[in-house]
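The structures considered in this document are given below.
The two complexes that follow have chain A in common; it is paired with chain B in the first and with chain C in the second.
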Partner chain A sequence: MRVLRVVGTSLLTAVPTLILATFIVFFMQRLIPGDPAVALAGEYATPERLAEIRADLGLDQPMLVQYWDWIRNAFTGNLGASFLSGQPVTEQILSRLPLTLLLTLFALIVAVVIGLPTGVWAAQNAESRLDRFLTTSATLGLAMPNFWLGMMLIIVFSMGLGLFPGPGGPSLQDDPAEALRGLVLPAMALGLVGGAEICRQVRSAMIENLGADYVRTHRAKALPESRIVWLHALKNSSLPFATIIGLQVSRLIGSAVVVEAVFGLPGLGSLVVDATNQRDYAVIQGVVLVAAVVVLFTNTLVDISYRLLDPRIS
Partner chain B sequence: MTAIIVAADSFVGPSRERFSSGRAPVVASYVILAIVLAVVVSADLIAPYDPNKQDLDAILLGPSAAHPFGTDDLGRDLVSRMIYGTRVSVLAAGQAVAIAVLIGVPLGLAAGYVGKAADLVIMRVVDAVMSFPAIVLAIGITATLGPDITTAMTAVGVVMAPTIIRLMRAQTMSVKGATFVEAARSFGARGVRRLILPHILPNVIQPVLVQIAILMGFALIAEASLSFLQLGVQPPTASWGSVLSRAYTFFDQTPMQIFIPGIAIALTVFALNIIGDDVQRRLDPKRKGR
Partner chain C sequence: MTATPTSSRPKVAAPLLEVEDLSLSFRSGSGEARVLHDVSFSVGSGEIVGLVGESGSGKTVTSLALAGLLDPRTAVTSGNATLNGEPLLGRGSANRSDLPLAMIFQEPMTALDPVFTIGSQLMETLTHRQGKSRKEAKREALVLLEQVGISDPRARLASYPHQLSGGMRQRVMIAIALACAPRLLIADEPTTAVDVTIQAQLLELIKRLSVERDMSVLFITHDLGVVAETCDRMITMYAGRIVEQGEVEQVLSKPRHPYTAGLLAALPSPETRGRTLAAIPGRVPPPTQVVTGCVFAERCDHRADECGEPQDLAGSTHQVRCVRSAELTLIGAQRLEVGR
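So, the complex of A and B:
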């Protein structure tokens, strides 16, 4: 029963944010300099063609009517059609989304596998040489643009050692096994930087917990240190950990867009980059909206886990 | 017993600090930042060539005495392009941070001090902006307005503003009920000019200064990302991102050229983060000494 109530509350708080986010995406398109119809059809379009486009896009309607039409369509999965190919935007996004989500998931796994243990070790040995080495490395990791790190990984592991495929592999639909192998390096490029962030955050959460009274009590009753650290202190650091994961998903999706461009992966990133070069506004708008929905969905999951983990949050 | 503990404490305490190499990265960071700023200021004086001058007889050269970093695909000297690129990248990042601060500080103060409806509206919008991956929203805005570095960095500034709003709001709320604010009020201080600017702002701005260092790093990476996607700096202008983008196109011929801008970005962002951490540590009232 409590679970249902918690899920309900979290979903309800996400709704106003989602509505505002759709406003932002809608008004973003109103930023198109000059007349959007001219921007879409080109300077040499006939007046009839321009009128047709305005009617198609509902540009002759009041702003709120336009928003309402757009949002009603968006909710039924209709994000309009590409101005260039005429292909439905939803279809294009759905064909690219799995790859980007898979890449984000792999990157998140890499980030946690690297960040969690190093963060705990650093906290266990706070202010020691090991700690300084780990935190300085983490700061250096954070400073690296992940798309540049991706290039470095290509030079070493693809061109140098030939362990993993470089840019331009097959798509997920054509050859799943080879496509997954092609995701290893981009996931590393994203995950190493994410891991650096997780390491820093886990370290500070763990230092706080390791200094807490309950840890002293556990030590006093001679509980093995490894159990204190990896079980009790880590469990009590789970709230900040959930926050970090939520933030990471948002960052990783953003960075994935750029890293995909480096690796020539046919995900959301290359879709939005191509759309940008061709001024395909409907596609740009669709990708930005979908990215926000994915992040909001993750944040809602984090929020639910928060409320379930900590009974004090009502 | 107590004496032993005290002795042990003083042994593992300050002495370990003194013997560790913990200050080395901090000192190095200030040096890196000083060099970067020096290059920004004196780019015209120290660049050996015009950064946009092409020499089609000398394309994609490796390092030599005449061109220590080599030349790009149009025969332009990479040392000169990196030097001018430093200026372009740092100024672009500075622009984004300035916009974030100009939006974030007043809105954060308003949300924290006025509270109620203002707080509710501002924070809902902040939540909505933060529900977009920052780079994706910046790409969306830039793509819509047309690719250009000023546009791109304005967009980056807008997506960074929520961080400052949240920080300012939390700070303002924590000092709003403080005794010194009540004292000022009891003397009749009200409003922006007599209460907020002279009494509240100076007491809440410190963490924002730390955040500026961190955001500057974020903005440098954002510039590189957007210019790499050809949404930022437009040819022939050099920036760290555009040099990197160009080098990547030809990286099977001159792979070493992508190291130069990448290392410049990584070192500068590293220095900014280390300095941010260091300043934060010094400002933390819970840490004595140091």
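So, the complex of A and C:
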């Protein structure tokens, strides 16, 4: 009962944000300099030809009408057709979305697997040599640009040791196993930075909780220290943890654009980069909308987890 | 104070808790600060002993040292402490779960885990400390909640701490302590953070449980009224040293240490209404200050030359650390009624 109410409230609060996101997506990209008709027809096209193309694409309509048409179709799953290739945008996105989602998921797993235990260990041994080593590494990790990290990983693990395939492997549809192997290095390039961030946040939350009165109570009851740390203190630290996970997902989707370029992965990132270069509004709108939905969905999950993890939030 | 004067209960000869020459220092970057100096006392089976002193007197660190709650990275202890013959000091926290010892704290608002239900915190204690199955633990949890006077215990099992009042939380804390099957309960100012009516109820509860379960209590407080009402014996601590100990009635009616007398004089009473309360001038010397003679001399009205000499805790049942105690006539409690 409580769970249903929690999920319902969280979903309802996501709707206005989604509407706002579509608005921003649509109008922001109209601010990008350049004319799609010119991009299509070339610089030497006649004014008549340009007008014809604009009419074809609906670009001669008032902005609000264009927005309304787009949003109405988007609700039925139709994101229009690419200005350039004429291919349906939905189809293009669907063919590339799984790769980006998988990459984001893997990167998130890498980030959590690295960040969570190191954060807890650092907190348990606060101010010790181990703690200093871990926090220094985390700071270094945060300072590393992920495209650079990606290139280093390729040099060491792909070109050097030959452990993982380099850029330009097969697609998910052709050879799933090999394609997944090809995602390991990009996921590390993306996830290490996230892991550093998670480590720092978990450390500070855990230090606060390990010094709290209720932990002293658990110790007075002589509960095993491992249970106090990994169950009680960790659950009490889960709000900042959930928050950072939510932020990481948005950041990972953004960074995926760059990392996909470094590793030559045919995901949403490379699609949107190409579309931007060619002023393919329909594609950009579609991709950004999908990304916005994914981020909103994550935030809703985080919101739901807050309410489930902490009984004081109702 | 509620006046229910009853005769003191007979004391069992063999002490349950024995503390011998307990010393404690805290290590920090700038050196060591000694906060306890050769503290020795005992608590008999079923006895309630008050540990009294103002902030910084060392009463709370004494209890934390006995409960094994000091950080071994900074706290250095020496001396001996046994509970029922089992050593208390120098054990890792891991192998303390078979010690019949439990502790409750001053701040019931923060001492319970906020994101776990009362039931889960109680049952967890029962399964870990007494090896009960989940089913047994649940049954036992209900019994314990009832014993500490919580109404509708079945509903309370599913409650979170924030849904309870301060008094209720302290009762839950006591129930959790009882789940450790303690023969000694260390109560660190358990009634300081609640209002007076709740305080009286909690004191009654602790006294009742002590009798019913033959449980000893080491009651840490700065409130002599609470001591008078609750305890059999009392120990006065000052600057990490025991300065006086004895039967509550004896000590409160005829204090032999000027510090205990000073604490008594500082108590508000109907006679002092409208007047400025007596205060002990100055403050507790910091633990870094090395004192050779009487540690209270600096603040004492009865200071004399011999106070500069090292002092021992002298006497048989009523012990005092003051060279002048024989010649001094100190004013005891005017109105405190001893409740045990």
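Methods note: the second predicted complex is superposed on the first by the 281 of 314 C-alpha atoms of A that agree within 3 Å, B and C clash if a C-alpha of one lies under 4 Å from a C-alpha of the other, contacts with A are read in each partner's own complex, and residues count from 1 in each chain.
Here is the rule we go by: contacts are C-beta pairs under 8 Å (C-beta built on N, C-alpha and C of every residue); 3 or more make two chains touch, one makes a residue touch a chain.
Just so it is clear, the structure is predicted and the values come from calculations on it, not from any experiment.
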Should A:Pro62 be classified as contacting the first partner (chain B), the second (chain C), both, or neither? neither
With the two structures laid over each other on chain A, which partner does A:Tyr214 touch: chain B (first), chain C (second), both, or neither? second
Determine, under the contact definition given at the top, whether A:Ser255 touches first (chain B), second (chain C), both, or neither. first
Which holds for A:Gly86: it touches chain B only (first), chain C only (second), both, or neither? neither
Regarding the shared-chain residue A:Gln285, is it in contact with chain B (first), chain C (second), both, or neither? first
Using the superposition on chain A described above, determine whether A:Asp310 touches chain B (first), chain C (second), both, or neither. second
Quick one: is A:Pro47 in contact with chain B, with chain C, with both, or with neither? Answer first, second, both or neither. neither
Once the shared chain is lined up, is A:Gly162 touching chain B (first), chain C (second), both, or neither of them? neither
When both partners are placed on the shared chain, which of chain B and chain C touches more of chain A: B
Hey, which residues of chain A end up touching chain B in the complex? 16-18, 20-21, 23-25, 28-29, 31-33, 127-129, 132, 136, 139-140, 142-145, 147-148, 151-152, 155, 159, 250-251, 253-255, 257-258, 261-262, 272-273, 275-277, 279, 281, 284-285, 287-288, 291-292, 295-296, 299
Chain A partner, complex, touching residues on chain B are 16-17, 20-22, 25, 124-125, 127-137, 139-147, 217, 221, 224-225, 228-231, 244, 248, 251-252, 255, 258, 261-262, 265-270, 272-274, 277
Residues of chain C touching chain A in their complex? 67-69, 93-94, 96-97, 99, 102-103, 105, 107, 110-116, 124-125, 128-129, 160, 162, 173, 176, 179-180
What part of chain A is in contact with chain C in the complex they form? 212-214, 216-225, 232, 235-236, 238, 309-312
